[in-house]
Amino acid sequence: MLTGVFSYLVFFACIVLILGILTLGLNLQWGFTGLFNAGIVGFYAIGAYTHAILTAAPQPQYLGNFGLPWLVGIVAAMAATAFAAWLIGLLTIRLRGDYLAIATFGIAVSIQLVALNWEPLTGGSQGLSRIPKPLAGVFDTPLSFNLWFLCLLAALVAAVYAALERILRSPWGRVLKAIREDETAAVALGKSARGFRLEAFVLGSTLMGLAGALYVSFIGFVSPFDFLPILTFQVWAMLIAGGSGNNRGALIGALLVWTIWSASGIAVTKLVPPSHAAQGAAIQVILIGLLLILVLLYRPRGLIGEAAVVSRHADD
Amino acid sequence: MIGQAIADGILTGAIIALGAIGVSFTLQIMRFANFAHSELLTWGAYLALVFVAFAGPGTPTGPFSFGWQLIAAAALAALLTGLVAWAVDYLVFRNLRRRGAHPLTMVFAAFGAALVMRNMVVLIWGHGSHYYTRELQMSVELLPGVRMLPDQIFILALALAVVVCLHGFLTYSRTGMAMRAMAESPPLAQVCGVEVDAVVRWTWILSGALAALAGVFAGLTPQLHPEIGFNLLLALFAAAILGGTGSLVGAVIGGLLVGLAENLSLLFISAGYKTAMPFLVLLLVLLVRPQGLFGEKA
Amino acid sequence: MHVTIRIAAALASGLLAFGEAAAQAACPVKIGGVLPLTGSMAPITKKIAQSAELAIEHINQGGGVKGCPVQFILRDDQGQPTVGVDAAKYLVEVERVPAFTGTISSGVTGPIIASVTAPSKVVQITCCSTASPFTLDGRSGGYFFRTIPTSKTQAYATASETTKRGLKKTAIIYVNTDFGTDMLRFYKAAVGKLGGEVAIEVPYNDNQPSYRAEVSKALAAKPESLLLIGFPKDAVTIVREWLSLGGTKNIALNNSMRTMDFVNGVGAKFVEDFFGMDNAQVAGPHVDAFNKAFEDKFKTDSKGPGVHTQYDALMVMALAMNIAKDLSGPSIKDAVRRVHVAGGAPVGTGPAEYKKALELIRAGKPIKYFGATGPIEFDANGDVTGPALVWKIKDGQIVTDRVITIEEMQALFKRIEN
């Protein structure tokens, strides 16, 4: 039935938009500021768990679970992530490119381990459940709820996109670009490179926290297994495939990479009998790896590359 | 307790150090983070397994669980893996370098290469575990409260020997000096007549060989599986960076510090946090010295 | 922009084509599956997927569902929740499966229940996900079942056995996942009531190259016995390191270790007298029939976590779908418990038994399914209880030491929980 396909596509689109917000956040950090953030999943986790802890239904064995309204959860998630990003940024912003990557990666691993081990607050390995979905009482069938959530996400993404475009054309955005292109010159003009970088880092991370909160209120369940490094890798692939330094590219990359990930899984079921499903799945992973290499070899600027060339100093 | 933790830490650290040396030099000489390095460990271990399958690990010699055949297999595997590393560079990374590709592109290409290499191991040898030898050694008590396996003492000794040889090579041989020159400053090195291609080739071969040794040692204690390299990847990078890239001593000290941090931390906190320890140490070091312990200031 | 439009068009037409194909015929009846075919669970999943394949083959040989052959659509969740959720949603919406089986990791099962199973009201039966809250807090609306007892059964049985053997000062090394923490919690509660003593608890995160640190920490508490809760691959590393560091040979294991992979991994001569717990595959003709069918088809033994429970999950699903008046979610949900009715005619494993069951169902007679894990009876929450068995390793073989019957289990539960 076509309604089934439509229903699946709506669900699929919701996931794509949530991943899109992650990619937009990363684009601000990498595409526009040249920060190699390999800890995406950590900020995603902070947003997700803050929202979960505040909005989930109270249970006696957990410290949190305050049952607060959805909007409070979203705002708090963004605030908590912003604060964490500010602290982390203070510590790590001055590190050079790949060092920043390993440092942020390690921080993300540590955040995931806290989620895994601090049971009274985060539910530990069992996770937190019964996270209320917004207006679930009004939209009580899966299709109607997913459609409503899709509209909500679309509006949010549009707002975030518009805001980002605006910010990047503003004086602040121009300084950011100047710093990325030629830091010495920008500093000579009296701009504090570090301050601007920190602001971009915090802003980008806040978007990631927002994505986390949205994810959790869409699915209704959160556990430490949602925040493994593979997701960081996927979001990076999305940005690169779509074109970094370009917000439209970020969203398109999210759509493209997630479609490939999902469709290749479907293809395996159609082409390979279940008895060989395991080998089929291994081949799927190999193909994804090869595809990535090919894109990088032949279209290194992604699908919609940024016109300007990124300076070699971007990762200093 | 502390004694045992230190002994364990040094042992884990030795394996990490061998792998980290390759990472450190690739980071410094070729200026990119090669996330496929861990797969060289895996491939090295499995290649040695192939040789062992022909000749057997040998009847246990002395207190060790293997005979000279395993050492020979390891040496052969080191050679082959060095060539594999060079081949991967030739096929994938060299092209990107020639086009002046962005370091990030290289990183991602490395990820892609790692996925392919790891899953090729799965396709060929399957998901399950393999073993060099079925013997189970009993540890000996070196000092009161400190126990180590004879195999592990051997690994430590061999790792030390390798590092000393490498140090000699880097200090006294022409290629070694060329590598160090490239590590400090590629343009200056070229001006002085250093052949970049040769240095790059040697860097890959050495990295691959060292990684293979690390892989064999890891596989010896106690089993091989396709993710053996991948599970060490972050520790390798943490060690290379905190030691300061481009420095042999740095990579070794970095590896030891990472191993010690993992083991000593359990004396105070829950083992559930153990895997975060390498990063915490890294962060602490970078806070104080952003270029790493023995690194050059940028 | 052109590229975008082209991509979108290709996507749309591709999915429409799938949708069309899925929509029309009532036959074949599709059953979905979500399992971690790749990722860290992959070594365990291989046999589980084979067991599923065997079940589908038997179902089709025995007559299928409502007169139609069954098509099994198995998707990989790669151990990642988002991928698993996407796969489950695809199976339910695009392939319109009336029911599906899956998955193993509770980090993936949880989101699937929350976002697909419960809202869409589709029956989900898992072979292997043991996290107790999934059935106990009503989150699935009654649509989630499992053919594996929760960790409670195993943990209580383990505690009973270790105290019976007089094991004192037990160190517990457990995998730091929901499975491990669940088992630990129930074990400690039981041991407290039964009179044992826990010397130290040490969690371990899986997929590490070495566990010497964890083992050393456990040994520092001078334990007289070890309870190891985890999975074979890392367990082999831990046990080897434990033994070589001079740890005691008084070792108790959980069900995942009941496989030759573990025995051979550590080395047959070193694991003599290790013992462990498992949910009882009650010996009997139906269990033997399954074991034989599995060995004949796949040329490997049928021991291993999830193998028997996966077979039962699919058989139960197919039987329920035949009993149900139609293939809607609520009908199948109500039919699941009618797979095992008091006083029903016993039916077992294999295509001939399945065929017999279909005839009984067609005649409106009640059946009582005895599966590869013995009698399958779901309680009010969708859990199965069952007898437990104590196994041990003797001369390099895994043998059953004794069975703890259902009555003994129930008495044990009473003793611990009152």
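Here the chain labels run A, B and C in written order, and each chain numbers its own residues starting at 1.
We adopt the following convention: a contact is a pair of C-beta atoms (placed from the backbone, for glycine too) under 8 Å apart; a residue touches a chain by one contact, two chains touch by 3 or more.
Everything quoted here is computed from the prediction, not taken from an experiment.
**Q** Among the chains here, which has the CA centroid at the largest distance from chain C's centroid?
**A** Chain B.
**Q** Check B-C against A-B and say which one is joined by more contacting C-beta pairs.
**A** By the number of C-beta pairs in contact, the winner is A-B.
**Q** Between chain A and chain B, what is the separation of their C-alpha centroids in Å?
**A** The computed centroid separation for chain A versus chain B comes out at 32 Å.
**Q** What whole-Å value do you get for the distance between chain B and chain C if each is reduced to the mean of its CA atoms?
**A** From the centre of chain B to the centre of chain C is 38 Å.
**Q** Among the residues of chain B, which are close enough to touch at least two other chains?
**A** As it turns out, chain B has residues touching two or more other chains at 127, 270, 272, 275.
**Q** Where in chain C do residues touch two or more of the other chains?
**A** Residues 42, 46, 176, 203, 205 of chain C each touch two or more of the other chains.
**Q** Going by the contact rule already set, what residues in chain A reach two or more other chains?
**A** Within chain A, residues 113, 116-117, 278, 282, 285 contact more than one other chain.
**Q** Can you name the residues of chain C that touch chain B in the complex?
**A** That would be residues 40, 42-43, 46, 176, 202-205, 207-210, 212-214, 216-217, 220, 233, 236-237, 240-241, 243-246, 261, 265-267, 270 of chain C.
**Q** Taking the complex as given, what residues does chain B use to touch chain C?
**A** 1, 4-5, 8, 11-12, 15, 127-129, 131, 134-139, 147, 149, 218, 221-223, 225, 227-228, 231-232, 262-263, 266-267, 270-272, 274-275
**Q** Hey, which residues of chain A end up touching chain B in the complex?
**A** 30, 36, 91-92, 94-99, 101-103, 105-107, 109-110, 113, 116-117, 233, 236-237, 240, 278-279, 282-283, 285-286, 288-293, 296-297, 300, 310, 314-316
**Q** Can you name the residues of chain C that touch chain A in the complex?
**A** Touching chain A: residues 3-4, 7, 11, 14-16, 18-20, 22-23, 33, 37-38, 42, 45-46, 49-50, 52-53, 56, 72-76, 78-83, 85-87, 89-90, 93-94, 96, 105-108, 110-111, 113-115, 119-120, 131, 133, 137, 139, 176-178, 180-182, 203, 205 of chain C.
**Q** Would you mind writing out the residues of chain B in touch with chain A in their complex?
**A** 27, 32-33, 92, 95-96, 99, 101-105, 107-109, 111-116, 119-120, 122-123, 127, 234, 237-238, 241, 270, 272-273, 275-276, 278-280, 282-283, 286-287, 290, 298
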